[in-house]
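The next block holds one structure in the form of structure tokens; read it before the comments.
Naming follows writing order (A, B and C), and every chain is counted from residue 1.
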Amino acid sequence: MLNSSLQQLGSALRAKKISSVELTQLYLDRIVTLNPALNAFVTTNAETSLAQARAADALLAGGKAQPLTGIPIAQKDIFCAKGWRTTCGSKMLENFTAPYDAHVIEQFNNAGAVNLGKTNMDEFAMGSSNETSHFGAVKNPWDNNAVPGGSSGGAACAVAARLCAAATGTDTGGSIRQPAALCGISGIKPTYGTVSRYGMIAFASSLDQAGPMARSAEDMAQMLNVMTGFDARDSTSLKRDKEDYARDLNIKVSGSKPLAGLRIGLPKEFFAEGLAQDVAGCVNAAIAEYQKLGATLVDISLPNSRLAVPVYYVLAPAEASSNLSRYDGVRFGYRAPEYGDLTEMYEKSRAQGFGAEVKRRIMIGTYVLSHGYYDAYYLQAQKIRRLIAQDFADAFKQCDVIMGPTSPSTAFNLGEKGDDPVQMYLSDIYTIAVNLAGLPGMSIPAGFGSNGRPVGLQIIGNYFAEAQMLNIAHQYQLATDHHDRAPQNIGL
Amino acid sequence: MSSTIFLANADVRKVARLARLAMSEAEIESARAQLSGIFDLIAEMQAVDTKGIEPMSHAQDLSQRLREDVVTEANQRELFQSIAPQVEAGLYLVPQVIE
Amino acid sequence: MNWEIVIGLEVHTQLSTNSKIFSGASTTYGAEPNTQADAVSIALPGVLPVLNKGAVERAIKFGLAVGAHIAPRSVFARKNYFYPDLPKGYQISQFDLPVVGQGALTIQVEPLSGNAKPYEKVVRITRAHLEEDAGKSVHGESQGVTGVDLNRAGTPLLEIVSEPDMSSAAEAVAYAKALHSLVRWIGICDGNMQEGSFRCDVNVSVRRPGEALGTRREIKNLNSFKFMQQAIDYEVQWQIDTLENGGKIQQATILFNPDTGETRSMRSKEDAHDYRYFPDPDLLPLDITPAMLEQVRATLPELPQAKQARYVSELGLSGYDAGLLTSSLGTANYFEELLSSIEQRGVSKADSIKLAVSWLNGEFATALNAQQIDIENSCLSPAWLASLLIRVLDGTISRSAAKAIFPGMTTVAQKLRNGESIAEFSIDAMIDELGLKQVSDSGAIEKIVDEIIAANSAQVADYRSGKDKLFGFFVGLAMKASKGKANPAQLNEVLKKKLGER
């Protein structure tokens, strides 16, 4: 059961080999056992989850099941779920019970899935290690001394540790892909605008995008089918014909060369200094595997990608500084226990409610937008953003997909990058440019590094190429078994 | 274009006030040091020549969709105010504001 | 000591949409606190804005009405600052690229003092942009706390900015009034100043002729024309006094106190506002196509100035009368429907115009005033009024008889409006009942005149020997004899003829 794919689980449920209640209880029991050490979940509510499971079982009995009906999914605590505590990893929302459902949550509810609980995350999605959460760090299930990555660290951990069938994450600068890589699972950030942001607590509006985190390309496809779709409540949500993301999974050009004709672009900037040797080794091996599957390699360059990190650390904090202004202790959320006048109430509530990294980014964002600096920082960053997007557009004239490492190293140790925020920011060097351009990006397991910690391969596609990317990932996963591996000591 | 921004404590204090974040002097000094490091990171992009480049706000060049002018939301005051820190007679309460 | 006054206005008009600019919450005035504050209005985590088509259409309508450039692409920007009535901590507005560009409004200025004649002036409009209104702070409920009501938060506003083209309180008030009239005319704003639908901020500065612009101070939130005039007068004098005493004017936001008649600086924030404007990433650029422009243009009514000019040139009205009839779209529409109703019943337009104009600007206006209602709320339809005026035009009754019937008609109309059922009502029945039918039978009139001439031979002799003024004496007698029902025109004719005979 715990190693079944979503499709297999669905079949088992429909064949009554297991009920949704049993399956949900199975995961809830595992969470009780393993979560205290891993800290992947911030909130569970057995009663609510089991009630949903019972409703799902009724649908299954009545033959009205959809692919994910009855399947327990872990939701990143960034999605407002009505009646559920929704913390966004922050003290500011420690006691915030969301009064409405995010679109993503509605989609899962309508699909008959079960909300298994809310996963831990870096505070307000700002972080690459899940160490900034007010609710404590999450441990990497492969090595409890290591970080799981962030900001969707709890989700990645939960999937890897088989604490859920699949999970949702969000990605602003790599927050799905990087923890997927560090935890040896699969994750995809689809094209910007594909998944509605309504009810998804905003960090950087023009970069945020939700996506699935699961153990395989097949599972990601099933999840995308539920998560995507136009939502009138989000002005940036795209109106497109409904897609079946699983439709191309099994396309093979030929039996022996399923990916014949596929041109894989390898940006030289992604294989330069800063990349750990063991990671390079795994990624190169993965690329060699792709050649065996029939793909050809193309050397490309993304000359402005070196600027992606500075550009991101202007734009994302700028948008965040504004998005987080609503957290003022007036209508919901944390209010300081003692204060004098209004200004003091604001200043203390926010200083006490937000953690250090969030405050840092609010400061940066406020600064770069402030009078006199807007042109030199914000506007400049938006212009370079266009250059970065143009680099990709040019590259896609020469290749079909782009590949490289997801992260420059395997998971680092907890506390290792504590003092210097800049060091932490540099973990995102390969992922950030993808968000700036709004392109779809995926990470799939590609082996293990020298310390036994997982390595991820990043696959970047052109706009709306998710189905093709999933096919490419799936063919690789048919030929390899990295994605089937499980951490030890998780009671399997 | 200058490549490094010199950040003084006064700058940090001003930004903290704009952002409504209370900070002790020690916190301001510590923030100054960290922010300076981050600004060194950002400095690299300032030197790039972007003359003639259009800023990019959104990934796709699309237009804002318009919503029909109809009332769709019902009164949910009770639910929404059940999570408010301080409410009285249907109003959210804050320390007195004098204009 | 010569001083020039420089005034510019920023007017915030609440657009008359059903729902808010970025959400589907209602905009109805006067609801219980926070009962029209949806998730988007209270800025819950995760909510997003979606733009109201009705707000855009009204902005376009305004732009077209003032001959302004409508931006094919405009952008929404965030204006960041903290205040309890601003739930997101930013206001969604427009900064670099507003939806409406440069336009102009021609105004009629009536000088407030002295014997100067009214004159015309063109005031340039710099821009108009869409933004959302903030909520309301309610003070004084309990000690030391302020209550926040977010019902108003998110109501669509069109901020209309003028060039500093006005040089007196009279011009500023005339502009404000003209703008007020226009936005109501084209149906984009109800103009209810008590309810805050139309709020004026006035920027005032003074300078010596030929010098650069002085520092301006902004008088905020004036919601009456009278207060606007008083505030400007006070502020101008204050600035002049300050400068003449060697002082300097500091830029400031000020409030007018109607009780004292004085302006004073608002409690200043320690730092000047740095709004950190940037394009709102939750909204895409607003693209207005030529098709949409034309669609809105088709809904624009004939504008007051054009209509006024047409009344003068085509219908022969005086400028004054035309001005009165185009003071509101409701009045103009009523007038046109009245003419049309009369014409439908066979009376030529040319004959009816004079009476219709004089009745509307006279008796009807007086009645509306007494009832304190707008013409739109009158129970008396143009068709009914037409019936009455037709009886005057066809000679059945005199004008003064019609005046006598008019109040009764109004009462009946009100009863009908209130749902009371009344017996079949007809003007003719009422005329008969009140015995107001004019005597137009020439034989009857001749008989009356013959009797009068016979009974007043001395006055007849005086008249015939040159005392023309006595004509009125005979008219009076004839009217009395006919109990006021003699058709005046006919009576005059008969009298002239018979008195003229020897």
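To be clear about the criterion, contacts are C-beta pairs under 8 Å (C-beta built on N, C-alpha and C of every residue); 3 or more make two chains touch, one makes a residue touch a chain.
Only a predicted model underlies this, so the values are computations on that prediction, with no experimental measurement involved.
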### Message
So using the touch definition from the top, which pair is joined by more C-beta contacts, A-C or A-B?
### Response
A-B
### Task
Would you mind checking which chain's mean C-alpha position lies nearest the centre of all protein C-alpha atoms?
B
### Length of the line joining the C-alpha centres of subunit B and subunit C, rounded to whole Å
42
## Note on the structure
Whole-angstrom distance, CA centroid of subunit A to CA centroid of subunit C, is 58
### Message
Can you work out the whole-Å distance between the CA centroids of subunit A and subunit B?
### Response
24
### Summary
Residue ranges of subunit C touching at least 2 other chains are 39, 42, 44, 50-51, 82, 84, 146, 148, 274, 276, 281, 283-284
#### Entry: Junction residues of subunit A, two or more chains touched
96, 99, 206, 232, 235-236, 325, 328, 330-332, 342, 346, 366, 370
### Query
Residues of subunit B touching 2+ other chains?
17-18, 20, 57-58, 62, 64-65, 67, 76, 80, 86, 92, 94-97
### Message
Looking at the complex, which residues from subunit B come into contact with subunit A?
### Response
1, 11-12, 15-23, 31, 34-35, 37-46, 48, 50, 53-60, 62, 64-65, 67, 76, 79-80, 82-86, 92, 94-97
### Task
Give every residue of subunit C touching subunit A within the complex, in rising order.
39, 42-51, 78, 80, 82, 84, 87-90, 146, 148, 274, 276-278, 281-284
### Task
Spell out the residues on subunit A that touch subunit C in their complex, using ranges where they run on.
79-80, 86, 88, 93, 96, 98-100, 102, 197-202, 204-206, 232-236, 318-319, 322, 324-328, 330-332, 342, 346, 366, 369-371, 374, 378
## Note on the structure
Residue positions on subunit C within touch of subunit B in the complex are 17-19, 23-26, 32-39, 42, 44, 50-56, 76, 82-84, 137-139, 141-142, 144-150, 255, 266-267, 270-271, 274, 276, 279, 281, 283-287
## Note on the structure
Given the complex, residues on subunit B that touch subunit C span 14, 17-18, 20, 57-58, 62-73, 75-77, 80-81, 86, 88-99
